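Would you mind keeping the following structure in view while I ask a few things?
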């Protein structure tokens, strides 16, 4: 730590005498990189690093340094590491985290330490409404939105009855709540499963007995893989499966054919027809050997946003940089992009379907636009500034 | 003064010197690490009371850490922000949980005790996972640190560190008295030979239960401090792997010596911090170090130290 | 409703047998050699990863299974030789620490080798598909295969321990090593073989469930605790107990999760029942374990200490 | 006066009756030896008398009070202490600490958390008295684990004495000792006679016949003969069943 402090001084002294702003822009990447959900963090990390590489290691023309840090999926450890990044390593911006509970734990340490927080995934409602914070920018979406979009789609598609399934914990309730908010058909049953559940045969038997028009699932990570595989094996493929955070590029390699045709929603997909997106996907595959998931795309966007904002306002004046982050127009992989009053995105949402790509890999594919310029439900409650 | 208290006092002094040292080299983050070390040292001390002196291998001790942390959140929600009141509430809740779970668990022995304490730990974990009012699985952020006599002194990291250090010193001092008092000797006796204890007129159960409850209460105090340090409360504090980590600290330092428990916590937290900064795959190195300690130095660091010292004298 | 209840009972039993498959290797090592092996979960995970790798390399499920079994057996031998044999005479606590360390090392190793993204294992053609039951209910063929494998493992273990000379020596050796050694048996070789067999059984379970479950770095952790619960409920050192414990845990967990809220609604108002169901469901197996142990401190089939 | 009365005590493991309708009277002040071949159920009997093992049926009365279902700790407090055949001393504690722990058990609460117990003069003095009584005064600070076998047997006795028993159950106190150690222990027991009532289980026949006031012969869980040493020596049934093979 002593060494890092000294090296900063050395850099300052060596670079352009008289110009204090010459030390590199430091960006902390605080992502969960260990434990079962590590793959999500890895996608985000790789997306961000790819963006930096594309920018020749510079943000807004200034030399930049990325400090990759593992949040370990534990709020207390993440909070500690956030403080280390901001207080000890001198990060100006932190990009992270993946999970909402980590976000709640690090938001204080990051913003009170004088840095900006750019979230490449987590968008919990606490920071979208009254608790919105001028130093926090959510580059992904508000957590409830994908579910609400699916609810709207299910209503429009004429599914009269749906069985809901989610793990028995807070995020599970929230996501099902999002779906129910916009879905106007019958909820046949809500199946609450256990966190980390392995065997879904009991739930699948319930679904088979109910014979609903469709199933809606929120089963992230390994739970989703277990469920989707067993769904197909139980002979339920005839019942349409919609989900959020269940079938994406992080889990599809493990689901493969079992997930084909399953539906979800998002504001980005690898085949979204937007300038630069195809190039990003190809570069990502070439560099990391897998199809990028939304975590990678949003982290890439976060870095691009940062680059454009620093180019416009520099890093010296915090208020100017904040204003630039809010308003600047950057080349997003989602095409048009803007922030709402709560600094959550206002963006288009698509229905996506699992397909097999020409190269044999599995990915989500944008099928149709469901909602344009979607503003989250909490934005009105934000009265920041 | 024998070697053990000297070592413990040396550790406490070493910790106390961290904030000035951090200020001198301009890295306030060192104080944050030292705070975490001290918090876990309290937790490790509490576990040492039952594990080291009573041979009760609790694999669910992290539950008390979590109970303490949630006591802060619950109290704060109801407007009680005073640190000492929160500690009292935490200790009370922990005492209740320990009395009930201990009364059941202490009927079993050995491997069964390890597993039944694990079961109670998991019950506590899942209870808080499904507690929507406090964020369930996600946990909940604290609005601010606890207050002392109505003042927000603890917002200052250095002040908070010395508060934690004072708690650690108190916990160490109190436990050191306790293990050398009548109660401690009886507890040690139950560790050495339960049958003998009964044959000279003791009922081991009640002493074990008392130690179990006391240990839970002290660990809950550590939980109060942990929640204050991170300003966040989550069920992750009571995951079973956390209980495993507490045992690791104890074994690394040396079971059955209070100084060893403290040293183990310091070394574990320090090592994690150091290795994590060095490589993404730090767990591999940490595992290898642990394995080396078990295989070649069964009494932990204190055992290693003792052997080195003995070797030097020879 | 009655049909569904029976089916769920079957599902519970099936989950129990799956748990028994994982627990079987642990029963050997933990129950008979009195050795606490927290690394059992990672061996199970290793089996699944090896299966994923070999099945992909060879293009065949069965060849992959064979290679995965052979490799976990070798890993078991190596681990015993390098680590475990130094720990047999140590207190349980040292075993906990050492195997906790192994758990960290192996799971990080798996991540380095295969990455952290979940892997896929294709289902063999022969065992895919499902057979119709009553009405719209169907039952996957692969589940039946798992049940058969579980029952075969149980029978094989029972035979090994109760009917063979090795099993007899093992039981004697666990309670009195010097005595068996004095009879001229190389007890350390016996333990080596048993340990490797335990590792192989863990690997077998991992490989077998890989087409149904997610093969990811967390799969060992989630099942380890459940298997400990199973063994402790059944009584340490008893294969019969592990089998009964596994069925009990499987049924209580499945039936409780599905029907618990419904039954709760009969005695309290719906909102409270939903809330209580949510809180109680994940705790059920642990409550079961605490209840069993407070009734019988040595498990259902355990010998009194 | 009868201090300990056992009536029709029964204990079986499965089909095997280890204690099979046993009755026994121990008078206050006497040294009552119980002898019998291996497997006769002597250790099981001690375990039931001390409360370590619950009998299936029958009764144990101590000083007029029925203690059949009383736990070990209460029996000790009532004045019924025992020594162990296989040493169960606290290996890590010194001789003094071992004895002081027993003294502590009958004097005051053990729920004291602050005052160092090593500094409690009352405990240490009484413990020293017991150690002196068995001739271990100069070994007070030695850890039990570091003592010789004979010393451990002596310490075993000192711990039992520290409970201030009215009746002392001695489970083979001479087991495994050398001739000199045995001699010293016999002298010790001789000196204790009269101060405390003793039930002695012992294989060393010379010692038994030298020490005992009365002897009961236990075979297959039953008392087959009871009487003074001479009586037992002469009893034809005893000679046939037991002594015939072993002693004479």
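The letters A, B, C and D name the chains in turn, as written, and every chain counts its residues from 1.
FYI, contacts are C-beta pairs under 8 Å (C-beta built on N, C-alpha and C of every residue); 3 or more make two chains touch, one makes a residue touch a chain.
The chain lineup, named per UniProt: A = ABC transporter substrate-binding protein; B, C = Branched-chain amino acid ABC transporter permease; D = ABC transporter ATP-binding protein.
All values reported here derive from a predicted model rather than from experimental measurement.
Ranking all chains by how far their C-alpha centres lie from the centre of chain C, first place goes to D. With A-B and B-C as the two chain pairs, more C-beta contacts join B-C. Centre-to-centre spacing of chain C and chain D amounts to 48 Å, using the average Cα coordinate of each chain.
As a whole-number value, the distance joining the C-alpha centres of chain A and chain B reads 36 Å. For the pair chain B and chain C, the distance between mean C-alpha positions equals 31 Å.
Mean C-alpha positions place chain A and chain D at a centre distance of 74 Å.
Each of the following residues of chain A touches two or more other chains: 34, 168, 195. Touching of two or more other chains is recorded for no residue of chain D.
Counting partner chains per residue, chain C has residues 111, 221, 278, 282 touching two or more of them. If the chains shown are joined wherever they touch, the resulting network has some other arrangement, not a path, ring, star or complete graph.
Contact between chains, as defined at the top, is found for A-B, A-C, B-C, B-D.
Residues 50-52, 71-73, 76-77, 81-82, 84, 88-93, 97, 100-102, 104-106, 108-118, 120, 159, 162-163 of chain D are the ones that touch chain B when the two sit in their complex.
Of all the residues in chain B, the ones that touch chain C in their complex are 51, 57, 59, 104, 107-112, 114-116, 118-120, 122-123, 126-127, 129-131, 240-241, 244, 247-248, 251, 255, 281, 283-284, 286-291, 293-295, 298. Those residues of chain B lying in contact with chain D across their complex are 174, 177-178, 180-186, 188-189, 192-193, 195-196, 198-203, 207, 210.
Per the touch definition, chain A reaches chain C in the complex via residues 34-39, 42, 168, 192-196, 198-199, 201-203, 205-206, 208-209, 211, 221-226, 229-230, 233-235, 250-251, 253-256, 290.
On the chain C side of its complex with chain B, the touching residues are 30, 34, 36, 38, 83, 86-87, 90, 92-94, 96-98, 100-105, 107-109, 111-112, 221, 225, 228-229, 232, 236, 278-279, 282-283, 286-287, 289-290, 293-294, 297-299, 302, 305.
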